[in-house]
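Below: a set of structures, written as structure tokens.
Presented sequentially are two complexes of subunit A, the first with subunit B as partner and the second with subunit C.
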Partner chain A sequence: MVTLTLTQALVNGLALGAQYAVLALGFSLVFGVLNVINFAHGGFYMLGGYFTFSAMSAAGLPYVVALLVGALGVAVVGAVMELVLIEPIVDNHEATLTVSLGFFLVLTAGVTALYGPDPVPVEFPVSSVLRFGGLYIPVARLIVIAVSVAAVAALWFLLYRTKYGLALRALSENREVATMQGLRPRTFFPLAVALSAGLAALAGGLVTPIFTLEPVVAQTALMTSFVVVVLGGLGSLVGAAGAAVAFGIAEAVGGAYLSGSLTQLLLFAAVLALLLVRPTGLAGRRLRDA
Partner chain B sequence: MPSQTETVTPVLTTTTPPRRRSAPRPRVPWGELVVVVVLVLLLLLPLPANDLQLVSQLNHVVTVLGAALSVYVMMRLKLLHFGVPAFMAIGAYAVALTGLHLTSNLVVMVLASLVVPAVAAVPFGLITMRLRGTYFALVTFLIGQVVYLLIVATEALGGTDGLPGLPAPTWGDVVLADQVTTMRVGVGVALLAVLLVIAFTAVSGRALDSLRSNEVLAGSLGLRDRPVRLGAFVVSAAVAGLSGFLVVNTLTTAHPSSFSVLSGVDYVAYVVVGGWGSVLGPAIGTALLVLLTSQFASEGTSASALLGGLLILTSLFLQRGLTGTVAHLVATVRRRRSDPRRAGRNADDDER
Partner chain C sequence: MSFRSLRRSTATALATAAAMAALTACGGGASTGSTTAGCADGKVGIGVLLPLSGSAAGFGQGIRQAMEYAASEVNSAGGLTMGDAKCTVELVDFDTKGSAEQASTGINTLISKGQKIIWGPNLSHEVTAVQPIAQRNGALIMQASYSSKGISPQQPLNFAMVTTPSGFANPMAKWVAAAYLDARTALIVVPDNEGGRDTATIDTKAYAGAGITATTTTYAPGTTDFAPFIGNLLRNPPDLVDLASTPPGDSGVIIKQLRQAGYDGPIGRIGGEATSAIIDAVGSPAGLGDFYYYAAIDSEARPVQDYFAAFAARFGNPPLTVSAQALPAARMLLHAIDETDSTDPAVVAAALEKLPVDDPTVGKGVWGGKDFYGINHEIVLDFFAGRYQDGQRTLTPLSVTGL
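Moving on to the complex of A and B:
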């Protein structure tokens, strides 16, 4: 019985961890490349859900197409935000943080005004459940895992096997030298934010129909991104992905035995305690860079 | 034949006479003076008791002023503190437990709301004193969430129901319960918070400023940064606790929803918009945003949009905040008048 509960929790945890990874990778990518903490990231997650919902309900698109259209739409919003709000002040860490925070507030206010504060009726197209003995695995969760793994693999390919990725990594490593080599931040920064926003929107469009789609998911997603990147180490993609999966599994396993908020409390407290020993997280950069 | 040095030296001494520079005049703390005088006037002057809306708005401003000051103390170190609601909550619940189980004496309640968050801030401060820049911002967000979840999970603190039915504070035999008196208590406590912050910045202001402007240089000159950072965090928590006391004193309930993590964003916005050159910045930011919100955005959604819009505009166009920008302009004009060649240079030095 214990094994069954644990296995069930592990499967759920993998699904959670996979979605957290997609979310946190985008957040960490923007920090790595632009050195900007993007508070609007949770807003992009929420917007992904609402864009997907609107593409399905208003335009009548099938879910898969709506999901991709939603992610693309949010990517465009991200690029525009970078060009208009971030780019003029990109070297000011505090101002970029507060400008993205302002954009986050405007986004959530806009969505609440348009769609209302309550959950909207959106359903994931697949509701079947696989049964193995006493184990229940919703197919939707397997799809979340598969899509997330595919997204992370695509991101890895983009960053480590293409010239675009090489440019992003060069800008992340040393902006001055990369710029001297002819890489133009004005081209690559909006693209990096677009990529990050698209990933957040993909996670949002994928997950919110399974759970609930309401404006408050923006805050939850933001908090998850924070805790995962603080645990993994700000600016480290490998750290973010590893921390996301570990956090997701710990949350699901804890949730199987304890109440949800108590599990969250213990996990958050554990992350804070870890900072006493490792202020940079598990794989973070030196603090002065942050 | 005179040597070359003998001929050159007199020329040098005659053409470049030593320039006598007058000692810098001590800075008059105008910002601090204005805030203290306004609060003292609010404490003493008669108020229109029947204009309850005005009283309510003033009460709101002084209630959250401590929270904004809490952000301000850390902003002096160029750190964005999003965990203020956590320490407001600790102060608030300390007061609630004191009021429900011990005494409703005003002085004891104020002390509880001041001391308990300050002590509770020490372990968190040990974490945050090693963090810089945006990392600090993220971790204080997590601190806010941890304390919020801790309150919700603790039965003795009423969990999600909170602790209702708090007694009004008493001063001797007098019960300080009506709306105007509550506002006066708020003004008095806010004044205490302002004086605490002024005292801290008077003692540690130079250390804060030098750590903010060049930490490596400050360290090489012998300044130990961690005690200063820890001290700032503890003072910040203490004034946040005072603000927490005022929240529960107004609502007569200590409820977790008053201390949500996202409310920390409001207090950061007050300081970002108002400026952080002196306590005048947070005071003006708080008054302005509280009044604007109550006038034009009574609903949560429009308040959020207003706050977001102002944060965007300030971050893009007024990066020193309102008071900082005005101080910068004044400093630039003064320099231009006194020495046109130096105009615009080193104007930052005069802002503080």
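Moving on to the complex of A and C:
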């Protein structure tokens, strides 16, 4: 029984960790390239869910197309936000934090006004469940894992195997030198935020139909991505991905054995303790400087 | 980017988050509207103190809609009669965002603006935060929580605007025992907060009275994926799962994941009604499986449908279903002000508790609460036991006025 429960928890944890990874990578990417902590990130996740929902219900698009349209639409919103709101103050940490938090509040309030505060009726197109040996695995979760792995691999390819990725990494390492080499932040920063917003929207469009789509999901997404990225090391993509999977598994295993708020209490206490020992997070400095 | 700037940015982020939290706690949910009470400027202000955003916004906005509609009825008929003057009703909003801190800030803000007739709050922890301030300032609060301390003889200006579990849990549990004859055990699932635990305590006693042994399990508020929690829950599957007053979005996810995990027993909800929102979260009525619930109103009854249509015609959008539950209380509160020509909370309270509960939209009820709270300050309306099977709904009337 213990083995079965643990195995079930690990499967659930992997699915959780995979979705957290897609969410956190975008958050970390923007910090790494722009040096901006983008509090609007949770809003992009929520918006991805609503764009996908609207593309299905209003435009009648099939789910997969709606998901891609939603991600692209939110990517555009992200790029516009960067150009209009972030770009003029990009070097001012306090101002970018406040503006992105304000944009987050505008997004959630706007969605609440437009769609209402209650959940909207959206269903994931696949509802079958695999059962064997007492384990149950919803196929939707396997799809989430597969899409998340593909998204992370695509991001890795983009960053490490293309000229665009090279430019982003150069801007991340040393903006002044990269600019002197002819790279234009005004071109690449909006693209980085668009990529980040698109990833968040992909996670939102993928995950919210499986769980629930209501404005409040933005807050949880923001909190989770922030904690995961701080745990992994701000700006470190590898750290964020690793921390996301670890966080998901810890949450699932804790939830399988503990009730109430105890899992969250222990989880956040562990994160705090770890940050006391390693203020830069799991992979903050060493990997970033590597 | 250097290690130093990385640390600085992290610290700045945390400091900004804390500052924003402090800012909102100090009145970020600012109010709008009149700053005067009474009818000095031709308006009577009703302080609205509800979670208009955040996870409980579905309840808060619905309850606000009830007062918004009742006020529009009064205003379109010329307003409240206050002595020789006619005064229009104006809502003075404060968004609690579902937090005790904001609710506390809100009641102080509203009172400082002269509002002592308060429509709200909604959540148990909000009520706990608001009560001492309201009592100290002699404000009347018409709250919508299921807090076990929401009304009491020591707080004669407090009223419960909707029927609380103490009013509907016993008849509902008896109906459940009759509908599911083999049910011996129930698991009550609630969020790990004051409101959740209060409802669970009342439901547990009600199930015990009906011969069903109930236990309670809690989850952390803010949980989005319940799969780990459900694996734990199904190690010893109960005959019934009761979601009590779990928010609709959470209820929807729990139902979906319970069904996916293979649980085919009845799932119920002896708590605040949010069935239409739960169906949206689940995706379809069929997705509920066998689902029973406390139905405060028959949303398909002609008078209720007329209200929905009239609201939509007046405000452009149909109201949230929950608003109909609070409509009788909203009308009665305004009627008490009209009848007494006063906005003095004590005078209005004395008139309010004498008004009959008989609403043209929702129907009849009684003033209840004496047995549980020690004071008859709870509006207890006739209600229904609702049940979905294979996507089809049935309603069984459960009368309180005939008892």
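Brief remarks follow.
Here is the rule we go by: the second predicted complex is superposed on the first by the 283 of 290 C-alpha atoms of A that agree within 3 Å, B and C clash if a C-alpha of one lies under 4 Å from a C-alpha of the other, contacts with A are read in each partner's own complex, and residues count from 1 in each chain.
The working rule: contacts are C-beta pairs under 8 Å (C-beta built on N, C-alpha and C of every residue); 3 or more make two chains touch, one makes a residue touch a chain.
None of the values given here were measured: they were computed from a predicted structure.
On the superposed subunit A, the positions of subunit B and subunit C overlap enough to count as a clash. In the superposition on chain A, contact is made by A:L234 with both subunit B and subunit C. By the touch criterion defined above, A:V65 lies against neither subunit B nor subunit C after alignment on the C-alpha atoms of chain A. By the touch criterion defined above, A:A146 reaches neither subunit B nor subunit C. In the overlay built on the shared chain, the residue A:P138 is in contact with subunit C alone; subunit B does not reach it. With both structures placed on the common chain, the touch criterion links A:L97 to subunit B and to subunit C. By the document's definition of touching, both partners, subunit B and subunit C, reach A:A109. By the document's definition of touching, both partners, subunit B and subunit C, reach A:Q264. In the superposed model, A:L276 lies in contact with subunit B only, and not with subunit C.
Once the two structures are overlaid, the count of subunit A residues touched is higher for C than for its counterpart among subunit B and subunit C. Look at A:V177: by the touch rule set out above, it reaches neither subunit B nor subunit C.
Counting contacts as defined above, subunit A residues 31, 37, 93-94, 97-98, 101, 108-109, 112, 117, 219, 223, 226, 230, 234, 259, 261, 264, 279, 288 meet subunit B in one complex and subunit C in the other. Across the interface of their complex, subunit C is touched by residues 1, 5, 8-9, 12-13, 15-16, 31-32, 35, 37, 93-94, 97-98, 101, 108-109, 112, 116-123, 127, 129, 131, 136, 138, 141, 172-173, 211-212, 214-217, 219-220, 223, 226, 230, 234-235, 251-257, 259-261, 263-264, 279-280, 284-285, 288-289 of subunit A.
Every residue of subunit C that touches subunit A in the complex is listed here, in rising order: 1, 3, 5-10, 12-13, 16-17, 20, 53-55, 57-58, 60-61, 192, 217-222, 224-225, 227-229, 231-232, 235, 248-250, 252-253, 256, 260-262, 274, 276-277, 279-281, 283-284, 287, 320. Remark: subunit A residues 31, 37, 85, 88-89, 92-99, 101-110, 112-113, 117, 219, 223, 226-227, 229-230, 234, 259, 261-262, 264-265, 268-269, 271-272, 275-276, 279, 287-288, 290 touch subunit B in the complex. Subunit B meets subunit A in the complex at residues 78, 80, 124, 126-127, 130-135, 137-139, 141-143, 145-146, 149-150, 152-153, 261-262, 265, 268-269, 272, 301-302, 304-305, 307-312, 314-316, 319.
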